[in-house]
Each structure stands twice: as C-alpha cells, then as structure tokens.
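Next come the structures, one after another.
Two complexes are shown next, each including subunit A; its partner changes from subunit B in the first to subunit C in the second.
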Partner chain A sequence: MDVTSPAFKENAARALDDAQLQRALGNIRHGFVEKRRVAADALPEFEQLRDEAKAIKDHTLAHLDLYLEAFCETVEARGGTVTFAETAYDARRAVLDICREHEAKTVTKAKSMVSEEIELNRYLKKKGIAPVETDLGEYILQIRDEAPSHIIAPAIHLNRDQIEADFRRVHTHLPNERDLAEPATLLGEARTILRQKFLTADVGVTGANFLVAETGSAVIVTNEGNADLTQSLPKVHIVVASIEKVVPTLEDAATLLRVLARSATGQDMSVYTTMATGPRREGDPDGPEAFHVVLVDNGRSGMIGTDFQEMLRCIRCGACMNHCPVYHAVGGHTYGWVYPGPMGSVLTPSLVGVDQAGQLPNASTFCGRCESVCPVRIPLPKLMRHWREDEFARHLQPRAARTGLGAWAFLARRPRAYRMLTGLAARALSLAGGTKGRLSSLPLAGGWTKHRDLPAPAPRTFMADWKARRGA
Partner chain B sequence: MKAREHILGKIQRALEVDPSHDAARRRAVAERLQRHGRHTVPARGQLPDEERIALFRRMLEAVAGTTGRVTSRAEVPTALAAHLEARGLPLRLRRGSDPRLEEMPWERAGALEVATGPAEDGDTAGLVYAFAGIAETGTSVAVSGADNPTTLSFLPEEAIILVDADTIAGDMETVLSALRTRYGTALPRTVNFITGPSRSADIEQTLLLGAHGPRALHVLIVG
Partner chain C sequence: MSAVPDDSAAPPRVGLFVTCLVDLFRPAVGFATVKLLEDAGCTVEVPEAQTCCGQPAFNSGDRATTTAIARQVIEAFEEFDYVVVPSGSCGGMVSRHYVELFAHDPEWHGRAEALAAKTYELVSFLVDVRGVDAVASRFEGGVTYHDSCSGLRELSIKAQPRKLLESVDGLTLAEMEDAEVCCGFGGTFCVKYPDISNEMVERKVASIEASGAGTVLAGDLGCLMNIAGKLSRKGSPVAARHVAEVLAGMGDAPAIAAGRKG
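Right after this comes the complex of A and B.
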C-alpha cells in the first residue's frame, strides 16, 4: 500500500467533506464504544486481566528471541515449517515461493493486517496467482480496490448502497433485477460466490492473533468462520504473522483472548477461536497437507529496546480507534497507511519512518481515551508525544510549527512574560467570543475553525484568577 | 536461515543480551513453558454442576446458539431428527467416526439419513462430538481427526455439537489442562473453540448470522 500519510491534512479535509463517509462513521461512535463498556463491566476481573495481559506481553518481548526459537522448534516438531522474513519484500516472496512449490493458482485469504502491510495481494496477482479475500468486509474492499479503513471492521467507511452498487457492477453473471435492498441479501450473495472460491483454492493464507511457543500453534480468531474454511479446505495453509505475535503458553493466550474480544467488539469470546498446529495428521480426513508460518519482522526488531517497544504489546483489537475523536471525525483512510487511529499514529512512523508519517502523531487531541481502553495498557499519548519530540529534534516539522513552538518554548521559560501575554490573549479571545462564548474563525487557526468552533477562553487566565482569589 | 539469525541477533542486541551469558533468561523461558501457569480465572464459571451447565446454555443462547439436553447417548438420534424437523431442514446429517457416535442407535431415528466423513459442499447439517464445553462463555471445544472432521463444523448450513454434561468446565483453563493431559504438547491439527453460529457485522455494523460458516448452531448436552 502506498503511504499517503504525508498528506494527512489534505486527506482529513476531504474526509470531513465526504457526506457518505461521515454517515458511515456514525456507526462506530454508536456501536463499538457501548458494546465494549457493557462487556468490560460484566466481568469484574477485567481490569486485573488487562494488567496480566500487559505483563504477558512485556515478559515475552523481553525474551522474544528465545520464544521465537521455542516456537520454531515446536512448529517443526509438528511437521510445519517456519520462514523468517526481514522485510515486506522477503515476506511476500516467501509466500510466493510456497505457492509456487505447490503449483498454486488460487489463494483464499482470511483477514490479516500484516498481509496488507507486505502488500501480498498486489504481489501475488502480479505473479499470476489470484488471491481472494474471504472476510466479508475485505471482499467488498477487494472488489472496490480499496484498503481497509479499520483493523477489525475494514469496510466501516462504506454504506449499504455503495456495497450494493459494487455487487451489481462486479457480479454481472447474476440477474440485474435481483433485490439487494437488505444487508442480508448482500451477505447471501457474497456467501454463495465465496463458497466456490473456498472449495477450489489451492492455498489458504491466514494471519494469526497469537502464536503459542509451547505448542507451535497459530491462534486465529474470526466471527465469520472464513479463516477456518480458508485453512481447512485447501491443501496448504500459510500463516503470515509478525514476530511480536508469539506468546509463551496456552494459558497466556487464554488471558489475552479474554481481553481481546471484549475490547474489540464487546463479545465475551469471538465465535471461532482456532488453534492450528502443523499439517493434518495421519488418518485425518480433512485439513491441509502442509503448514507454513512466515514470521515477519519488517522493522519491528528495531523498536525493541526503544521507547516504542511498548507498542509491540498491541493485540490489534481496534479499541483505541473506536474511542478516538480524531478517528471518529476523519476515518481510517486519512491516516494514509495500513494502521489507522492512535495505534497507527504510533506504529506507522516506526515502520515507514517519521519523515513519511510525522503528521500522524500530531493528529491527536491527547484526550487519553485510547490509553484508557487499551487492553494491554499501551501509553499511546506518551508515545505520540515521543514522536513529536523526535520530529522536532530532527527538524522535520513545517516552519510555521517550528517557529510557533520555538516562541512558545521561549516564553514558557520566562514566566512573567508568559503570564502577561497569555493574559492579554485570553482577554482578547474572550471578547471576540462574545456572548456565544465560541469563535467560528480565528486568524492563523483556520485549519481548526473551518470544521468546528473554538470555545472562547475565560476572560482571565487561571493564574490571574488564582492570584486574585488568594489576595481576596 | 540467514534471516532467522539476523532477526534474532537484532533482537538480542536491542535487548543487550550476550548469547554466551544468557543462562538466566533461558531458564526463565524454559520454566515458564514447563509450568504454563494460570493467570486470573474469572469467578463467573466457578459454579456447582447444574448451575454451571445452566450458565453454559445461557451464554450460548445469548449469542444466538440454541441448546437442548438429553439424559443419555441412546436418545441422541431421535433428538437430532426432531431438531432437524423443527428447523425445517432435510432429515440428513454427516458425522465422523467417533466411537461414541458409532455406538448410537441411529436406526431409532426413522427417516434420518446419516452419512460419514468430512463435510461436502451441499451438506445441510454436520454433527461433531465435542472434546469439552466452557461455561464461562458458552463455548464448545472440538478437536480435528477422523472421529470428528473439522470441516463438519464449518461447511454445512447447520452445525450440531454434542457436549457431554460432565465435560462442561467452568473456564477455558480447565479445558486447556484437559487437552494437555490427553495430548501432551502435541495438540491435534485443529482445536476449535466455537461460540455461536457464524456472523458478520461488516455491512453498516448490522449483525447478520451465517456469514461463511453455519447459519445456526445447536448444542445438545448429553447427560
């Protein structure tokens, strides 16, 4: 996927003016937030489980080399193979080599963000292999030639009528006058078409939510069951997963599963949680004959030992974006790469470079909701702040921002001047806000006020008020 | 091989470990894998037998599964025929060669046709005998193999799972221990934790059942 993160501002402006998108984004604000809250409230141990989930990941990351070694050993002991891939290119190449070894023509795929990251579909297609996305949302995006806009609800930016139009455009073998007015009929049509793909595919590619070192298993979670058809019908199952997905034991996976589904969709447990270990055993009448795991680094090992190591705890639940006011306003595509929302704002600069994605950590109100819901307690605002500092130190910010921040820093170190100037500014803004108490335009802040009003500040600064009260 | 060494080497340098003086870390990892200790297990499922079974049913029904119960295996065939009839499905199903299934009096189920083997396109109902159940979440746990082919839980229109009442545990950890006791660390090719029928909310977050897997899931508790 091409990186359009440098155009965050332009992307955001377009998103804010896109009425279809704005309507679709309403579904996030209303659905996910409440569902997570209800599920978390129903489990008294939830906060404790979050602490434990964090500790499991921290322990694993501190011993990551050893757990990866252990995982390789157990996969191989069960008859599978593991391939390490340092870069995105190495990873997609590894998948291609396996496909070629098995003379594959078609590949079914279950949703996997890392496969987006390594641009697997585009590559396989170029090499003459047809990949078919089987998650309903991903299938819709594939026929639209679009990227996911959310890590667990990839087509959240679309409305039903758009999907209907796409199905009519692409499924031309079906009668034109068929009724597609209901989401259920759209689903039925996709189900029928994908059923044939499942039955005829040569290779099935899935991601993994966790890799268990103890048993050599890939734990794969879906609600649709598409990952299960993807891995049990073709003769080859390839798991593409990034290195930080490994956990020590089945019990560690159990605790992480308890916080994953609740944080993601508000379910106590996803419909299908599958532990896949090696190829089919002697006497098994179904299941793949070969089992491969491609372990993708693609920049992650460089995060270890840095401030950003904490980001590798992420279990891709999506809660941070579901609760993010910026994501709610602009949607996922605005972030310009695979991972949107707060987690993307931290991860994308790590993986594609802060020079490309430096705008993302700036697209935050620092309200802290992401951190407050993150099941593995990643301090997302703190990490975004690290990127900002890094960007500033490397002189990557636009001149206006640098000058502004420089001036602020100058004043912040001179309290008297600071107080005087902020006092003046507060009075001026308060007057300008008038009785409405809001400012609908402001010089130098058009970017802010174009889409919302700025609340006018109180006429006196806090410091001035404090002083006056103490004096009274 | 080179990529593996590169990546592991990069991680080791980042963690500032010296691979030749790494005994303590190695011990910590070996112990954790050996001990596979439990974390907090929710109190929700820690209930006396009958209440635990009731919780299992309640949790599953809350996610659109249906449940039934018979007192013995001998009653299963007639109960299944009645279930298919009530659902308006053809009186046929496919199952694996699990001895518990083989021994059932299928002839009592009248017109019910019973085929065996992995699922085929067009199957309307698939039957598997579960390894265990988990009351905490209403989950059935099935393992792959000739006894209960995995595809039977995914390809047919309707999935039916039999769960022995005395295998319904309060929590996931109990089932993980039972898997370890039965299989050691060599798990079957697939262990499926199934909690309700297939669903998708990808179109405008509208919840729809029967995305790719079964449109309905019926769990029949035995005992």
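Right after this comes the complex of A and C.
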C-alpha cells in the first residue's frame, strides 16, 4: 500500500469536504462508543480485566523470543510449519511459495490487517493467483480497489447506495432489475457469490487475533463466519500474523477475548471464535491438509526495548479510533497507510518511518480518550509525544514552528522579560480588540483567526493587576 | 493527604499558579480563583517567578526546554502547602508529567514528586481537599459544562464542578451531548491543524447550542477561548466563562470574547 501519510493535511482537507464521507463517519461517533460503554458497564470486573490483559501482553513481550520458539515447536509437533518473515517482502514471498507448492489458482482471504501491510493481494495478483476477500466489508473494498479505512469496520466510510452501485457494476451476470435496496439483499448477493469462491479456493489465508504458544493454535474471531469457511474448506490454510500476536496459553487468549469484542463492537463475544490447530488429523471430519503460519516481523522486533514496545500490546480492537475526535473528523484514509487513528499514529511511524508519518502523531489534541478506552492500556498520547520528541531531536518539524517555540521558550525562562512582554501584548491586543472584545484577524495568527475570533485580553495582565491591587 | 479543613489549624498557604493564558487573556479568572481560595480559608500568594507550566514545549517534543521550565516552577512553588491552578491542563502538567520528566534525575524527581503531591486544579482542590460543598454565589440562567480533557482524564474532574454549580443560586445546569468530547483546542494543534480543529469546535458549539443553555462553562481557558472564539465568529448569543467566575459570583462581567459594553 502506498504511503500517503506525508500528505495528511491535504488528505484531511479532502475528507472534511466530502459530504458523503462525513455522513458515513456520523455512524461511528455514537454507535461504537455507546455500545462499548454499555458492554464495559455490564461487566463489574472490566477494569480489572484490562489490567490482566495488559499484564499478559507485557509478560509475553518481555519473553517474546521464548514464546515464539515455543509456538513454533507446538505448531510443528502438530504437523504444521512456521516461516519467519523479517520483511513485508519475505512475508508475501513465503505465502506465494506455499501457494505455488500447492499449485493454487485462487485464494480466499479472511480479514487481516497484516496482509494489507505486506500488500499480499496486489502481489498474488501480479503472480497470477486470484485473491478473494471474504469479509463483506473487505469484499466491497476489493471490488472498489480501495484500502480499509478502519481496522475492524473496513468499509465504514461507505454508504449503502455506493455499495449497490458497485455490486451492479461488478456482478453483471445477475439480472439488472434485482432489488438491492436493503442491506440484507446486498448481503445475500455477496453471500451467494462468495459461497462459490469458498468451495473452489485452493488456499485459504487468514490473519490471527492470537497465536497460542501452549497449543500452537491460531485464534480468529469474526462476525460473519467467513474465516471458518476460509480455513476449513481449502486444502491449505495459511495464517499470516505478526509476531506480537503470540500469547502463552489458551487461558491468556480467553482473557484477552473478554476485552477484545467488548472494546471493539460492544459484543460480549464475536459471533465466531475459532481455534485452528494444525492440519486435519485422522478422523477429523474436515479441515485443511496443510497448515502454515507466516510470522511477520516487518519492523516490530526493532520496537522491543524502546519507548514504543508498549504499542506491541495492541490487540487491534479499534476502540481508540472509535473514540477519537480527530478520526471522527477525517476518517481512516486520511492517515495515509494501513493503520488509522491513534494506534496508527503511533504504529505507522514505527513501521514506515517518522520522516514519512510524522504528521500522524502531531495531529492529536492529546485529549486522552483513546488511552481511556484502550483494553491493554497503551498510553497512546505519551507515545505520540515520544514521536514528537524524536522529530524535535532530528529537526524534522517546520522551521517556523521551531523558531516560534524557541522565542517563546526563551521568554518563559526569564520571568521579568516575560512580564514586560506580556504586559505590552495585553495592552496592544486589548486596544486592537476595542469595545468588541475580540479580534477577527491578527498577523501571524491566521491558523486561529481563519475559523474563530480571538478573545481580546483585558488591558492589564493578572500579574500586573495583582501587584497593583495587593502590593507585593 | 486530602485533610478535612480544621478551623483551629493555621490557614494553609496556597501558591497560585495563575497560568499563562489567564495571566494574559482573562485576569478575572485569577481574581475569582483568589476569592474562592480565600473563602475556603486559605491564604493566597502569587510567586513572581511564574510564567508557564511548559506544556507547549512538552507537547512539541522539546524536553530540554520543558525540563528547564519545570525546574523554575518547582523552585517557585515548592515552599507552599499547596499549589492551586485554575486549569486541569496545567494542573495535570505539574502533577502528572513533571514526575515523568525527571525519571532519571533522582534529586529533581523527588522534588517533582513532592510538588505533584500538593498541586491541584482549583475546583477539585475546593471540593476534594477543602471539603467545600457549596458556594455563596448567584447566577441567573442556564449553563452547560464542558469537561476539558486533561482535567477529566488526568485528574478525574467531573463531579466536583457540577456539585459546586448546583449550589449557585438561580443557576440551572443543562448537560450537553458529548460533554466529554474534546473541543479541538489541543494547544498548538488548533493552529497546526486549523481545519480539523474547526470541525471539532463546530461540533462542540453545536452541542452547546443544542443544550439550550445561555452560558457554557469550563475549567480551562484554552478550551474556552477556542469555544468562545467560535461562538463569537458564528454570531451565537451563547456566552462562555470560566467556571471559577460563576462560582466566585463574578459572572456579571463581560463574557469571554464579548464586548466591554454588553
């Protein structure tokens, strides 16, 4: 996926002007927020579960090498294989090699953000293999040739009319006069088309919400059941998952599942929670003949031992973006890469470089709503601030901002000079505000006055007035 | 730590950290704060050496400047029994983030911790530390209260201002939808990303107007200047004030961004 994060501001301007997108974003602002609140409130131990979830991830990350090794051993003991992929290229290449080994022509895919990260679809297509997304939202995006705008609700930026138009454009073998006015009829049509794909696919690729070291299982949750059909019908199941998905035990995975769906959609559990453990055994009624896991690093091991290690706790619930007023304003595509919202604003600079993605951690008011709902208590504002520190140290910020900050910092450290200057500023601004008490434009303050008035100060600062009234 | 005030004890000495925005833009908030603190049995002093808490540098990634300013604040305020700030954002900076800054400096870390332990945002100090549960004040009309982000999420300020507002004669509180959602100020955010900030403050102002209240109150002047500036640009009749002004009975002065003669 091309990185358009450097154009964040332009992307944002476009998104703010897009009336259709703004209508679609309205659904996120309240729906997800209210559902999560109800689900969390209904569980007295929810806050404690968040602590436990955080502790499980912290412990695993502290011993990640050991748990990855253990996971490999258990997968192999059950007849599966594990491939470590250091880069995105290594990962998509590993998937291609497995597909070729099995002479695959078509691949069904369940929703997986890491497969977006490694650009799997584009690559397989180029190599003559047809990938088919089977999550409804992802399927819609695939026929539109668009990227997801949300990590759990990939097509949330679209409305029903657009989807109907896409289905009519692509499903030309179906009668033109068919009724697609209801979401249910759209769903029915997608289901009919995908059912055929499920039955004929040679390979099924899924992501994983958790990898269990104890059992060698890949845990996958969906609400549509498409991951189950993706992984049990074809001869080959490939799990593509990033290294931080591993947890020690099934019990740990169960604890994390308790916070995952509640934080994401407000459900107690997702509709389908499936554990895939190795290929079909003798006597199993179904399941793939081969089971492969591709473990993707792609920059994550470099985060271990740094300020950003905490980001690897993320379980991709999407609560941070569901609650983010900046995301609500501009939507997911504005962030310009795979991961949007607050989690993307921390992770994207780690994975593609802060020189590319530096806008993201700056485009936050640090309101802290993301951190307040994160099921694994990632201090997202603090980590975004760490990126700003990194940019500051590397002189990556605009010169005007640095100069302004420098001048202000000089004064802030010299109270007497500061006093003199604020005294002058108060008088000047107060005068400029006149009897209206506000300024509608001000040199060098266009960022402020473009959209709002600047309240004019009183003619004298508090410090001066206090001294005058109380002596000192 | 949050001792119930004891009338027989000497009044606590409170250092007022007035904040850079109140100092320059709204001195009335400073005087309202002094009145509320004195009414709550404190003696108030205003150290000369204060400028700003350092947040603009901190959130711009300039740790060296932030640390230098933090030292200056610690030196100016550590002699007091309490430090009170009429802002959740600056209060959170002193009581939460200074400690982080000095994680690797044992001497200053200790001093930062000591200061953090006695630093409070104004309204939470009145309610949680001084045990104030009512104010002798009058304000005619409906108000709605915006929960500023840092105060709400870093300092758990939610019930305290509402509790004191309920005791104000003539005042009715009308909650707005999404009172806890950011107004889009965010310090330098509002000038770095003016269009996104505008979208956020437009929504905030729409919630405020939908509440039907004639006045919006908050505990942070940054948010209030943003909200007041937007209300004024829209030509909205809704007035914006710092909560301290209303609690201190100073709610009849011109509102933020309003003209001096009405």
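Here is the rule we go by: the second predicted complex is superposed on the first by the 414 of 472 C-alpha atoms of A that agree within 3 Å, B and C clash if a C-alpha of one lies under 4 Å from a C-alpha of the other, contacts with A are read in each partner's own complex, and residues count from 1 in each chain.
Following the convention adopted for this analysis, contacts are C-beta pairs under 8 Å (C-beta built on N, C-alpha and C of every residue); 3 or more make two chains touch, one makes a residue touch a chain.
Treat the numbers as computed from the prediction; the structure is a model and nothing was measured.
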Can A:255 be said to touch subunit B (first), subunit C (second), both, or neither? first
So in the superposed three-chain picture, is A:195 touching just subunit B, just subunit C, both, or none of them (first/second/both/neither)? first
Given the superposition on chain A, which partner contacts more residues in subunit A: subunit B or subunit C? B
Going by the contact rule set out at the top, does A:66 touch subunit B (first), subunit C (second), both, or neither? first
First (subunit B), second (subunit C), both or neither touched by A:329: second
First, second, both or neither for A:458, with subunit B first and subunit C second: second
So, does A:385 touch the first partner subunit B, the second partner subunit C, both, or neither? second
After superposition on the shared chain, which partner residues are touched by A:12: those of subunit B (first), subunit C (second), both, or neither? second
State whether A:466 touches subunit B only (first), subunit C only (second), both chains, or neither. second
Overlap of the subunit B and subunit C interfaces on subunit A comprises residues none
Seen from subunit A, its contact residues with subunit C in the complex are 9, 12-13, 16, 325-326, 329-330, 362-369, 371-372, 382, 385, 387-393, 397, 401, 405, 408-409, 411-413, 415, 418, 422, 425-426, 435-438, 440, 445, 447-448, 450-458, 460-463, 465-466, 472
Under the definition above, what is the set of subunit B residues touching subunit A in their complex? 3-4, 6-8, 10-12, 14-17, 25-26, 28-29, 32-33, 36-40, 42-44, 59, 63, 96, 117-119, 121, 136-139, 144-146, 149-151, 153-155, 172-173, 176, 179-180, 185-206, 208, 210-214
Interfacial residue positions of subunit C with respect to subunit A in the complex: 18, 20, 22-31, 46, 48-52, 54, 56-63, 65, 68-69, 72, 100, 149-150, 153-154, 180-182, 184-201, 203, 225-226, 228-230, 232-233, 254, 256-261
Subunit B contact footprint on subunit A (complex, rising order): 24, 27-28, 31, 43-45, 48-49, 52, 56, 59, 62-70, 72, 74, 77-78, 82-86, 90, 134-137, 140, 153-156, 158-160, 163, 183-184, 186-187, 191, 194-195, 198-199, 213-215, 217, 223-226, 228-229, 231-233, 243, 248-252, 254-255, 257-258, 265, 267-281, 283-287, 295, 297, 301-302, 304-306
